[in-house]
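Labels for the chains are A, B and C, by order of writing; each one numbers its residues from 1.
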Amino acid sequence: MRRYYLSKLGQALVTIALVVLVVFTLLRFMPTTGYFTKEEFREMDDVAKNAYLRSIGVLDPTLVQLKNFLVKLSHGDLGRSMTLYPKSQIKDILSDKIKYSVMFNAFSWIVSAFIGMPLGIAMAKNKGGPIDSAGTAYVVAVRSIPSIIIHFFVQVYVSRLFNLPMLFYIDNPRSWILPTISLSLGSIAGYAIWLRRYIVDEENKDYIKFARVKGLSQNYIMVRHVFRNAIVPIAINFPSDFLLLISGSLIIEGLYSIPGMGGLLIKSIQALDNNLVQILVLMFSTLSVFGVFLGDIFVSFVDPRIKLTDSPE
Amino acid sequence: MADPAHGAKNFGTIRNVVKGLADYYYDLADIDDGKDIGKTRDEVVASFGETVGVKALDRYTLEYTLTGPTPYLLSYVCLELFLPIEQEFIDQVGEDFGTSKENLLYCGGYYISEWDRDKLVVMAKNEHYWDKDHITLKSLNFEAVADGVSGVELFQRGQVATTRLTSEELSTIKSTEWEDYVYLADKTLTTYWFIYNFESRNPEFQAAIQNLNFRKALYTGIDAVTLSAIWEPEDPEFFCRYTLLPEGCMFDENGMDYTDYPGLVDYKNNPPYDAELAREYMDKAIEELCDADGNIIGVTPGTKVDMLPIAEFTSDGKLPIDILYTCGSSETEMKHALLVKEMLTNNLGSENVNVILGFSNISFSDEVWALDNWDLVHDSYGFRYGDPSANLNRITTDGTLNDSEYEVPEFDALVEKANEIYTINERYAAFAEAELWMLDNAMIKPYMTGGGSYRMTRVVPYTTPEGYFGMVSYKFKGAVIQDTPVTKAQHAQLRKEYEEALAELAGK
Amino acid sequence: MKREKVFEAQNVEIKFNLRGKTLTAVRGASIDLYQGETLAIVGESGCGKSVFAKSFLGVLDKNGWVSGGHMLLDGVDIAQYKTEKEWLKIRGKKIAMVFQDPMTSLNPVKTIGEQIREVIAWHFGTDKEASKQQAIELLYQVGIDNAEARYKQYPHEFSGGMRQRVVIATAIACRPKILICDEPTTALDVTVQAQILQLIKKLQQDLNMSVIYITHDLGVVASVADRVAVMYAGQIVEYGLVNEIFKDARHPYTEALLLSLPQLAVKGSDLQSIKGSPPNLYKEIKGDAFAPRNPDAMKIDYEIEPPFFKVTDTHYAKTWLLHEQARGYVKELSKKQEERVKATPEVDSGSSEKGVLVSLRNVTVDFKLGRKKFSAVKDVTFDIYRGETFSLVGESGSGKTTIGKAIMKICHTSGGDIFYKGKNINKKLSGAELTRFRRQVQMIFQDPMASLNERAKVDYIISEGLYNFRLFTDEQERKRKVAEAMRSVGLSNEHATRFPHEFSGGQRQRIGIARSVVVEPEFIIADEPVSALDVSIRAQVINLLNQLKKDKGLTYLFIAHDLSVVRFISDRIAVMYKGRIVELAGSEELFAHPLHPYTIALLQAAPIPDPDIEREKRVIAYDPSVHDYVTDKPFWAEVAPGHFVWANSHEMAMYEERLAKLK
């Protein structure tokens, strides 16, 4: 068992190292013209251009840059942003931004779990009935209407209706409501429809039928047998969800003007902000890989059939 | 700022104006490049006080020694590059300069009191400002609103004082009460123009573009209004510009606008577009360029023109003349290109010109400029300080903006001469003569101004300092905010008053 | 011996709503159940027996309901129960149920102990420790050793038979008066099946329960039942004591069902099969539901539904044949039947010594599971002669299917040679050789549903082989060949344009067979071809396979676990145990003189549809430790002509002695 964890851990680390290395190298293949606007490119002479590129540190050979990156990283220095937030400490940028994304993702996680799961259960219990139909209509609507339209609707009309602020302000908790709703709409649908599906699947299993003939009540079966088993495929994502709380939503953070992590990676790539891209890729890949890793471990505790060993007993 | 290690991108703008600055910069750049110039970096840096014409005389006086007379200095020093900073402060904050509100220095009417990255900048009134009585707004909130629709909605709810609208957003409030509040922001100093590649690898175009009549055919064959309407369907004429330099920002001692100088004023006021005239020019050009069989003289048939990744074609040395029009791949750019193609084909005749469209997908700099993959492009330039030299100096034969690679010794001489005249009226006259030469010879075709976005605001227009240079759009001294949005009528009225005041001022 | 009646179902009618249509699954069925007795409800799939039994517990699927009749338990009509609360007093406590598949009856993520304990705690409110103790006792009671440790284990750590024991322990946890066993052993191997049946019998006596068996397997019925109720198309058509049903069946359906059993048939002749398929329960059924399938049906059978006629005090049948007016006709029929039996042709024993077609020499197949290696097939050697049916029997996991795959060359081997027509094929063949081989050797699979492409028409499915091997010159020839193949398996031409889902299980298996025979193979590997089929359909397919063999001179390798079918169809049989063939002999020889202890156990365990034999039977469990192979190594040898056995020299001597004595 222990050996298995160690070898999995090793694999995870190798994966992360490879991802970082590949991204690091690819970034260095980007043409440096990207660092200049059209006008700057022609206005500046070669000396000035070179001076600029040197000042942001892209003229060193790739290996030297990699060495510097790793050495700094080992000292806990994430470096400075190059172009997106010139000269700002990446540490500061991230610590500023992560808190917003974590805050909203946590809210949304709680809201969607507390609404989505009961909804899913209610739909499954009421299969074919009005609650199920209404829930399905909701899920279909959320999934099929382009999300941007729904978010606009929430932002503009719902805020009008309840007189809520349209933009987010950290010191005004009322302004947290709409972004949380927007963020949760999709995941409520997700939780509801998947949980419904897993519960319905479970209910058709022989052992649930057997539990019924054992004389256990419907509620007891639902709680002790169905729900517990149905939650497993959903729970496998919990560690990942938890670790990736820091990744913000591009659309919603933009819409409500939440200065979180949403779109930061995209923006930093567009700005050729190598330093920032590297740190973000390192961070996200680490969290993703460990999320999956933890999910596996987590499930091995929940589901006894899954044994995390590299050889059969 | 003058140290290349700090990578100031726009440093070139002032490098040659202040005495000793260019040498100082290049010495350091050479050292950084590993060249031996007989001095160490520390020596050069230490010599700044002696070699460079910047000196702090006392606590409140800074002396700049210039390379020569600079009559437009006032419009120049409002560039942020000229702002002084305490050495002690910069030594203390080092690389962190400007990365937080504490690592900045303030001398204006406001200072940053709150800075939430990507979210909000709050500027509070500076109680130490010399003219603090004229600071009317106690604090300014600059808020990030990623989406235009939200911006409009926020404005309608009275939660923001001013907002921009795209054409789509404008159409959504058309025929509502809000339509009356939308006004067009003024045009900017940026000029859009077409340039031609005089050293093109496309032999047909290379041969043709040397011909004045051909250039005039292009000059008269493209309708600026049609193109301007892509961006400004409401009032396209207003945003057309037919001079190289912008109007309304340079006035001589008599208050006369630079663009109203003799010769230029005709260009300014007369749209050059004339399809019939264009055809005449084209016919003349063909007579001069081609033999009786329609072979372009001096062009070897069957030359392969390799302008990949933009285009690749074979030149047959015959009419029609191939013209590679290169542009970016955004929707508006493509629309623009198709309109240009249609106008040239219709007005000059498809038997005479063949416009090939080339689109750059990734990087215009890498794919077009660096590889010289173009015959005709449209381009735009800002105008950074209040003197014709700001842009005319850049389009001489050796100028940094001469991507056309034309040789214009006459123009060079005129510019050189103008640069040495330091009385404004004569200086403007000389520059006007130079610009006129460029226009007469149709070396560049200006057609449109920048700016002109739709706005709604509650800030009463013309209460803040006006001007074209420096950070004008961020000046809020004296700003007055009214409860209701500014209507079109109010805006027009105030604009009229402003222009009258300006004219009166000029009259003095 | 008159015992107390514990349960009575009267005229129960059950309906289902399926896609807007109403299906009557049970049409007025009645049964009585007496204290301590075992009642078997027998019928083919779709006859409504499971639904009927489920209704006793109120656990019909959500779209089904009891629309009529009474169910009396302790004087209360539980058919009137509506609420869950009412049913909870019955379920588990008074009536318990065991399902068919032990692999899926237990929650995989809970310990088995917990799953037993929760029932006790739930019904009696027993505290945790006490209910745990009771659960452990129950585990011992159902024959699970070391129950304290196994209490904490999860279902996947148990074998199928063990799981079924756990399920039974759960079912009897509350000492129910009635235990309903719905096909409790169908998913198990024969030897395990015998043990489970024995366990249920023992528990029944210990707890004084009444047991209702729901099954299609007449062998099981003969072995366990006191009384039998035969169900057809939602009705009980005949019921009586087990001997009365097996020896003196009166309803034509019961008779046909018994006749279609291979155990009762004469080898070499056709099995009696029932034509057609059960009636559509969506429609109203007029008269005797079995009449359309009964070649000897009378006119009245089509018009008026027969009442129950009394045969004896305990034996009733719902057929007009028992009406006094039909007496003459009955005599006529029995005469006809006697003639039919007499007309049976002699056993065709001419299949021996026609030359070897397939020959395996020391074939071994190893699989790797992680780092562990295990042999699915160990050092197997045998020959299959041209024109014979050679059967491999054994429990699941014994390696019989692997051998089939190895011969098909769709499974690697780790050693040994396989000769087909004298040519070693257990090596890389050239493309042309492989194509020829693939055409000559075809396979028929167990699950006719899964092995047919659902989206292709029958015409294409059958033609696939023709396309693959380019066995036709023009479209006309292809069509002719397809039509020919379809006719040979008893499908009509019009079926060609339909899709597989439009066919019943038996017809699908015919399509599967047609697909194989159309390329004119010489050798067919049939992997459990009839296991998924109902008794009456099974007989049809077995007849078909035999017919094809005769007509086309085919050779079969028949892989099966059902000994009755194997005995009927095979010329020679090889018994496999854990990857090894332990005994090989001619079919009759093997059944008459089994030598290897495993073979004996296997033959003993197989239920025989004769209550007299079954009642006398002792189940012997095979224990590999009887062999002492440490010093005296076993080997593969011919103990009598054509009779091979895996044994060491000591055992061999013993076997020879025994054979000599028997003969």
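Worth pointing out:
Methods note: a residue touches a chain if its C-beta (ideal position, glycine included) is under 8 Å from a C-beta of that chain, and two chains touch if they have at least 3 such contacts.
Given the structure is predicted, the values throughout are model-derived calculations rather than measurements.
Across the assembly, the mean Cα position most removed from that of chain A is the one of C. Nearest to the common centre of all protein CA atoms is the CA centroid of chain A. Computed from the mean C-alpha positions, the centre of chain B lies at a distance of 88 Å from the centre of chain C. Between chain A and chain C, the centres computed from C-alpha atoms are 52 Å apart. We define each chain's centre as the mean of its Cα atoms; on that basis chain A and chain B are separated by 42 Å. By the touch criterion given at the top, residues 4-12, 25-26, 29, 32-33, 95-100, 116-119, 143-147, 149-150, 153-154, 157, 159, 363-366, 369-370, 379, 381-382, 394, 400-401, 403 of chain B touch chain A in their complex.
Those residues of chain A whose C-beta lies close enough to touch chain C in the complex are 127, 205-218, 220, 224-225, 228-229, 232, 302-305, 310-312. Remark: chain C residues 57, 59, 62, 84, 88, 90-93, 96-97, 99, 101, 104-111, 118-119, 122-123, 154, 156, 167, 170-171, 173-174, 369-372 touch chain A in the complex. Touching chain B in their complex are the following residues of chain A: 31, 33-34, 36, 38-45, 47-48, 50-56, 80, 85-89, 92-93, 96-97, 152, 155-156, 165-167, 170, 254-255, 257-259.
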